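For reference, chains read A, B, C, D, E and F in written order, and residue numbers begin at 1 within each chain.
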């Protein structure tokens, strides 16, 4: 199975990548034990690689009223709605780990309304889906609903901006037919020792 | 009319912005005569500002088999499909200027199938719309159609990646209720002297 | 650009038209300075021409609780939803003139929810869109919402009937591939002297 | 059941109608044995009444390459798609009579693809549905398909214009909640003696 | 017209059917005067025949807070939404008979919102449509709406399960292109003597 | 997590179930090591339980040109499209086991077009999705496509009937809010020893 291409486009060898990109990839490999294919596929376009991950980190690593697990929930639910195989499988793995919950990713990807999450998280995901599928309808009354669940306006920016970023990411992954790494399928499904 | 807010979120004063962001904004103002509101709205989040424009420039300024006018066509057609007021009006202005055609933007925004463009451009916009609305269905047969119109694979990446980037940008603009500058409405509509 | 056909179907010469139709067209030309292409395209079928404009005038020229600018808003918003190039561009021009507002048409055509209009006008356009896209769901509770904004039942007939009439008109224009006149693009965009 | 209102709007008494409208209604009553409710509901607005029926007759009574039964098929299939109770029930009755077929209307209203009609009629109804639901996609290639079934361009205008006219009519009927006359339900279902 | 095939698949002769299936079919024929085609088409697969009718009877014949006419309304409204010719025509006939109302089936099939039914029945059909078209959104708040109309939880199971069963049945009928019997078209339309 | 209800409706104790249902459940438990919740939820209605599983077995256990793994692929792809949490998770587990492939279920549930399956299986799933989402458009030309991939007409019945059966099952599971058993999440994901 590992002989399948990971992208419809050329994937450069590590030795041919610009130094900053190679360094980032080696750092990810050291931390995770493997290189998620999105890094390799995007390395075909170094400037886009740099901008993509800068944007990703700006949203997913910043201090926020949303926990890291909650941010991954947003990724998984919108990626499911956009039928993005790479994004659901890779971020599903990250969500399981961040939430320390082996079931959460499958539940959220298929139907977040029936996932084992809080009403506050339900409201968060409903808004993420609105931005993903009908952003033109967003109004102040939607902000009021979120405020009633304790989200401040910066939190709402985070929910919406993460949903918007993965609207791009999902489409990019489908464009290049990005293949999920074998490692993601099982990550976070087994009790850690 | 200019008293209307340009974003649902706080917009920082120029003096309070990080130096690199202020410089970029002043440069745009010098070149264009005004500051497009997307710069001001995104300055609320400097890291996202930097990543957004780095990504934008990586796609819209690179050497490409697509002309700059063609890239703006992609922006306008997908922004129309996503009902993004700021994006259609601002990039419609840029498209009129790049294409030196006062009618092209309105035509493309409403129904690209009836715009005064070439069959090659029709195929380009059909693919941009597929990535925008149904990216999960993209297959090699779609690449073949584009190849028959003379697009190589790097061109196809460009079409798809621009469509994907503005899938994000459209949603961001609708999230913050980004207001188009008054200047955009008339740009490129009058014969230049 | 003016060499492009204005319709997929034959367009008669003025001299070959029935007297009443030629008179109407000459009157429009005298008043507007040009003949909107819808008159020429429909002249191919004189009886349909007569009925179309009789219906149009019955709705758009009658005394009504809706201003003429408001009626053109309804035309523009529903024509945008139906991707009718002729209707958005031609009636966008008329809307700019009637409302004495160079920005209103572009705003309404792309996303009326974010246009610079009153809450009453928002409610009017929401109902026009419901009739345009989901007329089978119209119920008395929708009439109640409009009544709360000060619309009486005759006004509601007007909103709905204009939306319905342009459901026809949009489809006709797309059927014949009706080309907007060059003149419409710039009408009402410049300050009048 | 006959005590139910036939319209959400006032319905004038025959004696209060303008002479030309009353005459038309009395003529219909004499011919059909009853007054279809669309005449009474539209009589509330005499100018719209006149234009509506002038348009209707221009399309439905003219010499055409389409038989009258075929034109009613177009009405029934598009009215079914638009969930218009009055139009399906009233024009279903007319279709049964025109086609001398007690089953055709129910078949066409529910799923024209499985109706007992010719391949030529299938193509006609597929195009009527395209105009009804996605007119912005109509292109010359659609005309070519119809030409291959023997339709000339005037026939295609007729198919599209009838579909467009009933796009209006369906929405009007849903706006006013037009009630089908009891008589329509059984018309054309029994063998004539 | 009766020479048309009733299914895309082989239809066995009565003499070749298993005894239990032949008996059931003969019983239906004795009671109704004809054999509805669904019995013949399903006899091609005896085990599926047995399970289908066992399921049907379990839902449609059980003691329930829903009358038999109400259950047929659910069938007709969801079959209309799924464009199932056999189901609308056959169950429309049964609905007319059960409700002793010659108009109810046509009304419900086209637009249940405007049918001559009670507010309680409107709520029932709205929920049946939700299960048919968007079952993933069903929540306790939907149950509360139904409870306010006097439906207990067993009634709600019945509404939803009938809608679900005919989601299968509609698709099966479209798969095999099941032809409605001629007898159904007129059943229940004439006053019984 | 196991304290969560498995159904919105009452779930009977084993001792209170009819003998045949208890036996079937005990047999499943013996074979699988646990009782899938669909058995318990449906036991609330013994007649529906019996018919449901008889139907299920008639389709899923019969001799067929489709392998058991292929039949489970159909279940997973249509259940994904219908956002049925129970069905995707439970049948995803069965698919992994039947196909001896730990990745296949996640791939198929999210986007079958990019799953590691044969072109024949792609065609099978495309038809299953057509029956699931647009059964009214099924025509002989769809049968021809499947025939070109080697499916005979009985195979096509199987594809369509399984898709149809799970159209019911998905809706039932969403109606009762059926909870997947914890056991399903990990089944078939680990190499068997």
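Here, contacts are C-beta pairs under 8 Å (C-beta built on N, C-alpha and C of every residue); 3 or more make two chains touch, one makes a residue touch a chain.
The structure displayed is predicted, hence computed values, not measured ones.
Chemist: Which neighbours do chain B and chain F have in common?
Modeler: A chain counts here if it touches both chain B and chain F, which gives A, D.
Chemist: Check the residue numbers that chain E and chain F use where they touch, and answer same if over half are used by both copies, otherwise different.
Modeler: Result for this pair: same.
Chemist: What is the distance in Å between the mean C-alpha positions of chain A and chain C?
Modeler: Centres of chain A and chain C (C-alpha means) sit 44 Å apart.
Chemist: Centroid from C-alpha atoms only, then distance chain D to chain E, rounded to Å. What do you get?
Modeler: 28
Chemist: What residues in chain C touch two or more of the other chains?
Modeler: Each of 83-84, 111, 136, 174, 177 in chain C touches at least two other chains.
Chemist: Pull out all the chain pairs that touch, please.
Modeler: The set of touching chain pairs is A-B, A-C, A-E, A-F, B-C, B-D, B-F, C-D, C-E, D-E, D-F, E-F.
Chemist: Considering the complex alone, what residue numbers of chain E touch chain F?
Modeler: Those in contact with chain F are residues 8-9, 44-45, 47-48, 50-52, 54-55, 57-59, 62, 82-84, 131-132, 135-136, 138, 140, 143, 153, 157, 160-161, 163-165, 167-172, 174-177.
Chemist: Touching chain F in the complex: which residues of chain D?
Modeler: 111, 113
Chemist: Quick check: in the complex, which residue numbers of chain A touch chain F?
Modeler: 1, 4, 80, 83-85, 88-89, 102-103, 106-107, 109-111, 114, 116, 174, 177, 182, 185-186, 189-190
Chemist: Which part of chain B faces chain F closely enough to touch in the complex?
Modeler: 136-137, 139
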